[in-house]
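Working notes for the structure below.
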Amino acid sequence: MIKAGIIGSTGYAGAELVRILLAHKEVEIAWYGSRSYVDEPYSSIYRNFFQVVDAKCMDDNMEELSRQADVIFTATPQGLCASLVNEDILSRCKVIDLSADFRIKDVNVYEKWYGIEHKAPQFIGEAVYGLCERNREQIRSARLVANPGCYPTCSFLSVYPLAKEGIIDMSTLIIDAKSGTSGAGRGAKTANLFCEVNENIKAYGVAGHRHTPEIEEQLSYASGEDVTISFTPHLVPMNRGILVTAYASVKKDVTPEEMRQLYHDYYDKEYFVRVLEDGVCPETRWVEGSNYVDVNIKYDPRTRRVIMMGAMDNLVKGAAGQAVQNMNLMFGFKEQEGLELLPVFP
Amino acid sequence: MIKAGIIGSTGYAGAELVRILLAHKEVEIAWYGSRSYVDEPYSSIYRNFFQVVDAKCMDDNMEELSRQADVIFTATPQGLCASLVNEDILSRCKVIDLSADFRIKDVNVYEKWYGIEHKAPQFIGEAVYGLCERNREQIRSARLVANPGCYPTCSFLSVYPLAKEGIIDMSTLIIDAKSGTSGAGRGAKTANLFCEVNENIKAYGVAGHRHTPEIEEQLSYASGEDVTISFTPHLVPMNRGILVTAYASVKKDVTPEEMRQLYHDYYDKEYFVRVLEDGVCPETRWVEGSNYVDVNIKYDPRTRRVIMMGAMDNLVKGAAGQAVQNMNLMFGFKEQEGLELLPVFP
Amino acid sequence: MIKAGIIGSTGYAGAELVRILLAHKEVEIAWYGSRSYVDEPYSSIYRNFFQVVDAKCMDDNMEELSRQADVIFTATPQGLCASLVNEDILSRCKVIDLSADFRIKDVNVYEKWYGIEHKAPQFIGEAVYGLCERNREQIRSARLVANPGCYPTCSFLSVYPLAKEGIIDMSTLIIDAKSGTSGAGRGAKTANLFCEVNENIKAYGVAGHRHTPEIEEQLSYASGEDVTISFTPHLVPMNRGILVTAYASVKKDVTPEEMRQLYHDYYDKEYFVRVLEDGVCPETRWVEGSNYVDVNIKYDPRTRRVIMMGAMDNLVKGAAGQAVQNMNLMFGFKEQEGLELLPVFP
Amino acid sequence: MIKAGIIGSTGYAGAELVRILLAHKEVEIAWYGSRSYVDEPYSSIYRNFFQVVDAKCMDDNMEELSRQADVIFTATPQGLCASLVNEDILSRCKVIDLSADFRIKDVNVYEKWYGIEHKAPQFIGEAVYGLCERNREQIRSARLVANPGCYPTCSFLSVYPLAKEGIIDMSTLIIDAKSGTSGAGRGAKTANLFCEVNENIKAYGVAGHRHTPEIEEQLSYASGEDVTISFTPHLVPMNRGILVTAYASVKKDVTPEEMRQLYHDYYDKEYFVRVLEDGVCPETRWVEGSNYVDVNIKYDPRTRRVIMMGAMDNLVKGAAGQAVQNMNLMFGFKEQEGLELLPVFP
């Protein structure tokens, strides 16, 4: 039984961490951090946990927390984890950062896209990008894991086999993504009010969303070339879920069956990635509440493009679930421990 | 490890049974019944179970099923269970009927409100009304359990302590209930299309909904008098959840604190009933996906009425979860086995 | 052609006033007031009016506005209109207040329920309660109209004929109301975020909502007795619409047909009140975007109660549409001028 | 005052035609056709029109209808209009077909994509593709207008200026579209039930949607080359609205400002096409209920691609509104007559 602390436990990703960790056999939550609600009972913020969680919210004293916990999750806006983490903390305690602070290896790229100074660039090198299906071995021994962004996770896993095998022309890759509104966080902003989001769909961050360089970096590693993509996220009137529809030209002479076989080769051994049957498109409803990513492709002979699709729950595989998957690897637990969540439908 | 069969496993309640039973340590699902989809893979109907359930759908041969299973759940329209069940089956196998067939003790009342002839009135007497918080002991030894309706469960639990203790004038009781759309089932009806339900609220079955006599019967037992109520259900544009707002005049000289204390007295020992803090109203979002019922009351000194409120997930505590709770009691498992589901929010 | 000014034009009710007035033949909008957005183009806040409205937002200088406009609408939180209005302004310009400031005749009741001091009690007496179907004649000559609240409008019109005719026992009246989320306004509050409202239903303001005394006052006038009611509003995950379900015991010996006939007697001549066919329940989707109120009743012989139901669009008949209806009366225009809006479905 | 008949008036597009035509000064609806509801009052199907429409539903006798009406709208599934129309009818009466029957000039393409035999190929040649912004003059004198599909309308208008001016490489064009659920029609299908659509997003018809050849044909005319595109529609949990996000490589040396200027050049004179301000993305909520199409582009210097975006109401500009716009042109009415509908928000 290890002890976990959560900094930022009252955001949506933080609350999902609580939901998952409470049912995890090997973990006890020792610290419900939330700067905005210090001393308020956690279950008065998230009443789903009434009579389940007794604890009160704590501040974000990572120093102190690192003495009480074996692992710290930071589910906070970018910049906070980098400003708090230090060698002392890392020597005592593992850190899984759900923010973007340690995802991008080139600090200049980070600072340019996020518009803030990185306060702990010395740890970028050792931080492991926590996409378990990709970096499983390094994660096992990491002290600091950069938990991937929601869009990057779904985008990468949807495209990975064809990128890695050099099947698609990476310069033609376009990712059109759609997300539920929990991805926008729990901040009290007019733009996220029910009446503003409901009965609407919009693109945002067009040609400038911060997840772009993260996706590009990971796909560059995978494909072995410098990748620049078009990435457009959209806001969908639903609570959870991300759907990725990606397009690329096929540059090798392969059949659709061979392409689909690659997905099976890459993912059939993966517990959380489901390659759907031929002709079945991923839908967010089939993964809601679970750590699954459903993927599939469709080849279009008219355009010689392949459409790569993926669906997952942005709060689970896109945030808290993946963080726990990382924790499981880091502590030698069974990888799917606490994550055998069945999708909830309807 | 017992074996369970589900007749009607492709309705929403049936699918929720699957979700719950798959994660239940003591049960294996041996029969996914679905007359409409015989021989089709279950996971092609509910793709959330892709790579989780391999079985194909079976017909509704209860006779045969009773030889293979220890317990049969019938999640079918009223009339089917009564037309299939017989002494042979009951001698081999326990039956939990999620339909209304065995909920009402007076067969005339059943036939009048449901408009069909009851095909197995001989079993009405022995059937136990499966509201665990109320009939726990009889359920343990029952062969046939009538799983309560969704509205009756939430209505009864919201009102029970004050009805039982004679605090409220039962002749003044009015129950105004609101339900998510999964309660309307998965039948392809125009009225349940997305565009018909979305952005709308309506009452239905006003002064004539079939759950009325069921609520009245149970409240009559509780209060010791013949209860006739006003009951109005409403359809809400959301997937899951039932909210009950009940009104009654207070006839005894009690304080609000004393009334709230009664709820604590009745429910503090109940795992699945949560009496909220003073002033906090139940909301369906806080119980979604779980077997909890959240209840609370508010006394209005201006009218000398008490407003009794309850919220639960209609597919869990209102159907599949309660059915599993009954199964747990009938087989001597821990009552909350497989039901320690944390509510999923958002 | 008269000139209208709107104080609070960037709230939802204000924006609906804009939508209606822009299509009104006899009115020109001269002032888009919005303290929060002074000098910003109105159409940058409400982009539906892009290339339709050129004006910029103005402050809430009612003094100056009263020199430029023939009528002022105040679509602002309670207290503001009372703090700004004065004899000078009223001598120059008609005022239609969409807030609660002048709805309640007893200033003590206002101050108790709203928790603020009334800054202009001297005008309460002359203010006319702007429920056109009820006070048509007085409205025609009013300088100051108190536009009714959304819940009171729907509640009153649903209950009025039976209250007025002494058919129901007013001491048994219970109003259970449900509203779309635009009723909660456009303020950036966590409780109104998409993910908090979506997939949820809750009661709020139980036994204490501020619209209670307003409904009671109007029903007292109608019935000729002192009315105290139970009133419970609920928040529904939809943008627009209010549904009222009201319950009362029938105290006179009348048939259901006679009761329904009273609704026809009272409302058949009313353009905006539609008495539905026998057995048809009001639904908010059938009135969305229009100034209609749909009403109907159902008598329950088992309980001797009548269930009175009403549905309307909270932003139209519940706010902006009724305000324009008042304006039409005050300026001698055709009552339905600019309000012949057909409901938009789906 | 002309007389209009609607075949298929009880589908969503048909009902929207009713809403628009009822408020149109120059038109009277003479025939509410609906094979499924013959002899039922139209307002019992669409209760928003209670006390507004008295007529009963009629069969789809186009022959008879053509004797009573000046214009016939067919808002029916593909195949019906082609099977009913003939020279006699066209000699008496103008026909605006909202189905796909006369949109595609090559009958083989039609038959291949729609999988049915075309019953009236002799009229394909004379039928005018009713995209008013493109074919205004031919529409004025047409007897038979093929009203464009919803996706094609929004796709074409979003891309047109850059396609026509040869700015983009048409072989790189990818259109990712998202639609509200009213686009799926009112048929009672399980896939369109509330609980199936709500809280979900999915792609459908990937690399095979029937609107593909229609978009390609129109863009081929515009660009002067043979265009083959990737087109992927998605289903969004909202009632109305289509959003198009289109991607193409820029092949000419133009600045973003020059590209945006082209949109102004093409559309500033168009009443229904709004070119948004620089940096503002189209959103469906800003056009809901109106005949507007909002468009904008964003150039991405990193990829040298331009993202072209458009939003409109699928039932208005994507169906009924455009049909009325066509009618206005065909009968010499003001083009925006009856279509000056302000978008309804929220």
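As written, the chain order gives the labels A, B, C and D, with residue 1 at the start of each chain.
In this text, contacts are C-beta pairs under 8 Å (C-beta built on N, C-alpha and C of every residue); 3 or more make two chains touch, one makes a residue touch a chain.
Just so we're clear, the structure is a prediction, and the values are computed from it rather than from any experiment.
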item: Maximum centroid distance from chain B, chain identifier (CA atoms); value: D
item: Fitted rotation between chain A and its twin chain D in degrees, CA, nearest 5; value: 180
item: Centre-to-centre distance between chain D and chain A (centres being mean Cα positions), rounded to whole Å; value: 38
item: Whole-Å gap between the CA centroids of chain A and chain C; value: 46
item: Whole-Å gap between the CA centroids of chain C and chain D; value: 37
item: Touching two or more other chains - residue numbers and ranges from chain D; value: 12, 182, 195-196, 198-199, 237-240, 283, 285, 288, 346
item: For the chain D and chain C complex, residues of the former touching the latter; value: 12, 15, 19, 22-23, 46-52, 182, 199, 239-240, 274, 276, 280, 283, 285-290, 294, 340, 342-346
item: Chain B residues within the chain C interface of the complex; value: 172, 174, 176, 178, 180, 195-196, 198-204, 206-207, 228-230, 232, 234, 236-241, 243, 245, 247, 281-285, 288, 298-300, 302-303, 305, 307, 309, 311, 346
item: Chain C residues touching chain A - in the complex, by the definition given at the top; value: 12, 181-182, 186, 188-190, 192-199, 237-239
